[in-house]
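Presented below are the structures under discussion, each in the form of structure tokens.
What follows is a pair of complexes built around subunit A, which joins subunit B in one and subunit C in the other.
Moving on, here comes the complex of A and B:
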């Protein structure tokens, strides 16, 4: 018995510390979510201090559920996370497989590929929205202008002019607009996190058994079959890891959303919490509890789906 | 059908020539074994035949057709690797079915062949398991099953048994031989274990540094090794080689006599020595004899009943008709 007691005893401080670390913020959030608690209210100054006498029951939750942005925030959270996962995994696998072959300049290419990961999220967002995606000054605007002028030129040309005059003038897309701001966030986060996926997939590819490949070649498997039946199953575990880690990270995206459109047309739960927290701490806390629930649903879903791969 | 001819084939990796020009013919249905010390190019040669490496020059003919430029999958050869190279994410059934699936055979045909192969290799109970759940011997059988179902013109084995323990190795050796008798397909088998070579081969190819030292049946190589290298390589324990005056008596630079061709006695015999370490195998005993005056140590094989103690004086009688003679170049004198 004492064999077991001693390690338990030694673990206790760490476990207790962790519990405190988690339980106190969670407990406070729960408490605030059930009371009226605002930072500033001239008519009802008693609401500005947290107190049980301001008990509101599920009132904050109702308020959040009925607020016009809540559904949008949930939808957007899932849409953004899902799209980023999808794109980073696909791009990551493709790039990793491509640069896994030996070629001249391999070292430099790899360093360049990894570098987006070291850019700060806010810097990343500013760079993309101002210098690349901006419809006038960004690369996008310049590229659309260039394409339009080429088409203009072709319309004047003899022979093919008739065909090209059927083409419309292309319009640059404004990524700060309501309909497209989520896309901008997806693009910039994908750019930043694809290197992470590439890095993990590449290490995994290097541990792939070469004799299996040779056996497959002799068995008549072409490049695609080798990829489909050997490489992809071999990558199942790293893909699961990439999906898990990114899902956790991207549910709490904030900087990019703030910088692209200040939440205009594109809020996720953390951003909604931020907006409420400008004054209404009670509603912000209730949203926080919803975010915890959403994160747990996503986690359970992911564990069901890919946890098995990890345990194998 | 599977007659394989190598015509002045060479292979270089960068500057270093691993296989100097080499000619070799393996007849249809033959069991050919490549032996040689580590790094002599056995695997490279096998991979050249399989098409996994390109020849630097020369031609490879399979059934008379030039296959030098033919991609590996079109050569109709199946290979079994030392590490088995099974596909870890697929069940045994899918592993065996894989080459047929790649060849787009009918599902019913695939199922039939998988069942047949599994039955002949005792794998029926394991078809739904993953390779990771199998023992080494079972994995090797799956690898062989995957090779059989393709009905190849020839099988290539690269040290398939070297990861198995001794008892299993003997068992698998017999299974492979039986398979050869049953299918009557050409097999090329790489090993550095000369016992495997002697017991399995129709034809042994002894390699050293990419050169073929000798080609022949196991008994030819045993009875008439073409040079000192083959003499030392084939036979266990290795042949005793002696130089100097005793060799000159036989008009040779070096003479060789196998341990099993020397008889021992406590009292009579032309050679005399002191018994060193002895190895008792039960049926046989190997004595290492010192102080004979013409070699550091001579190994002799005696019956298991014969008893000599460390340090005893011993007399030896070589069988005169099986003394091998070699000249100054190390070549056999007929």
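Moving on, here comes the complex of A and C:
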């Protein structure tokens, strides 16, 4: 065998496997999205088998676009992903800058901080919703009680008492209720992914130009202007990467949504697809194509950035 | 160093305190879960911040009865180990060829591989369910291993590629001169040289397999169900059973969190596809 053929042969299994993995299911999704295909329909049994004669054109897409749930799911997806990105980036930068310099026990703090990232999503959700956020049995109730008793104490204090007596008595919140379950998901995912952001920002901070920093200090630059004009620009690229990678991951968030509220009032696109897939495969597939388009918008930018560093 | 001399008072006292506070805060939920796992179910739901109590191992000892833990754990181990091995078996030759004999298309293939990773799994939910059921592979170890392998193959190829690139080509060339064939190059030269990189890639792949929670939940019922499925199945407000729920959760994530500590550095590379150095 010639020298050229062997490398190609070695790549073949991986390439072929991934090609099959991508093309067949995605092709089927595309096909199903253009036909009428339901799992149960007594009146129109012919719709229960996929066939070109059930062609529906863009009918499924129209149906999905007109369904109330779709708009809510898109909104909710964007709300959840946007909030998580905002929180993880802000917290990530602050914490990375905080722990980047040597202090006693730095290694241990790093280990403590990174741990949440390795907790499996299902455990994360079960742990938070039951043991921490539950208004009665979780720690939330205790925390709210503690805050209330502190405020009660302060009301009796001289001078400030008048101010604190204006404060309300706080009530624990149920995070399983429809309006708040998205918040629970945001909290638990932020907890899990902030360590990821910290880790990446720290890696990047280590390559920060120290000489430039020293020069800035000699020029009398304060801590804030060092951060603002040196550190933050240096972190621009990792921030962009953290944002894009997380966007792709969180757009397909599923376990947390399922566990917190079973999608009750808190659907995102993957959850909506799952619901449609219980019967209306056409609609599930059309929604799937929308999800692919949404993910691709992010992925194109990400791939372009990664492509630049490749082969260096 | 000049910087040390300029370190403010903040750096000396407040920074460690604040940093430790943040670290402990982030670790607290895990600590609470582990702590609760040693409480009786009655202690676990007491409405007080219970730190000192009589610990019990009951929750761990009864894990088999309460949750059939070991069967799910066994499935997690089997699927994750074999998926990791299979991914490496397919990924090492591929990354080897790409690193040492790159062609014009290599960059495009790598980018394309990554793009498959970015497809939302839910988009192909029904076709996947349909295919696995019609092929008789639903709820089998084989299918879960295959799916886990394919999900992680792009990252594994990518990570191995970046490790292999660091190895000087001359070493492989020298092997060729000595008349070593391709198989020998990989097994006798490449693998021993890149052992550290391969090991951390494998570790990371294993962690991702273990934590996967979409396909392992949607494509299994009982036979091949993993720990993700077990926990997901007990999502309901367990109320009086926080103790045993914590024990089974701790057992499910404990080993992985510890493994994770050892591959923090590789994690950055694996998750950012080498874009952050």
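Criterion: the second predicted complex is superposed on the first by the 256 of 312 C-alpha atoms of A that agree within 3 Å, B and C clash if a C-alpha of one lies under 4 Å from a C-alpha of the other, contacts with A are read in each partner's own complex, and residues count from 1 in each chain.
The working rule: contacts are C-beta pairs under 8 Å (C-beta built on N, C-alpha and C of every residue); 3 or more make two chains touch, one makes a residue touch a chain.
Predicted model only: the values in this text are computed from it and were never measured.
> Go through the superposed model and pick first if A:139 touches only subunit B, second if only subunit C, both, or neither.
second
> Classify the contacts of A:234 with the two partner chains as first (subunit B alone), second (subunit C alone), both, or neither.
It touches subunit B, and subunit C stays clear.
> Would you mind checking which one, subunit B or subunit C, touches more residues on subunit A?
Between subunit B and subunit C, C touches the greater number of residues in subunit A.
> Touching A:289 in the superposition: subunit B (first), subunit C (second), both, neither?
A:289 contacts subunit C only, not subunit B.
> Just checking: does A:150 make contact with subunit B only, subunit C only, both, or neither of them? Give me first, second, both or neither.
In the superposition, A:150 touches no partner, neither subunit B nor subunit C.
> Looking at A:25 after the superposition, I want to know if it touches subunit B, subunit C, both of them or none. Which is it: first, second, both, neither?
In the superposition, A:25 contacts subunit C only.
> After superposition on the shared chain, which partner residues are touched by A:209: those of subunit B (first), subunit C (second), both, or neither?
First partner only, subunit B.
> With both complexes overlaid on chain A, does A:277 touch subunit B (first), subunit C (second), both or neither?
It touches subunit C, and subunit B stays clear.
> Counting only touches as set out at the top, which of subunit B and subunit C does A:217 meet: first, second, both, neither?
both
> Both subunit B and subunit C contact which residues of subunit A?
214, 217-218
> Along subunit A, where are the residues that touch subunit B in the complex?
209, 211-212, 214-221, 225, 229-230, 233-234, 236
> Would you mind writing out the residues of subunit C in touch with subunit A in their complex?
By the definition above, subunit C touches subunit A via 2-3, 6-8, 10-11, 15-16, 18-20, 22-24, 26-27, 29-30, 32-33, 36, 45, 47-49, 90-91, 93-94, 96-98, 100-103, 107, 109-111, 113-116, 118-131, 149-150, 153-154, 157, 182, 207, 210-211, 213-214, 217-218, 227-228, 231-232, 234-235, 237-239, 242, 245-246, 249, 252-253, 256-257, 259-261, 264-265, 267-268, 271-277.
> What part of subunit A is in contact with subunit C in the complex they form?
3-4, 6-8, 10-11, 13-15, 17-18, 21-22, 24-26, 28-29, 32, 95, 98-99, 101, 103-106, 108-123, 125-132, 134, 136-137, 139, 141-142, 176, 191, 194-196, 199-200, 203-204, 207, 210, 213-214, 217-218, 223, 237-238, 241, 245, 248, 251-252, 254-255, 258-259, 269-270, 273-274, 277, 281, 284-285, 288-289, 291-292, 294-296, 298-299, 302-303, 305-307, 309-311
> Please give the residue numbers of subunit B that touch subunit A in the complex, ascending.
Touch list, subunit B to subunit A: 50-52, 72-73, 77-79, 81, 83, 85-90, 98-99, 102-103, 146, 150.
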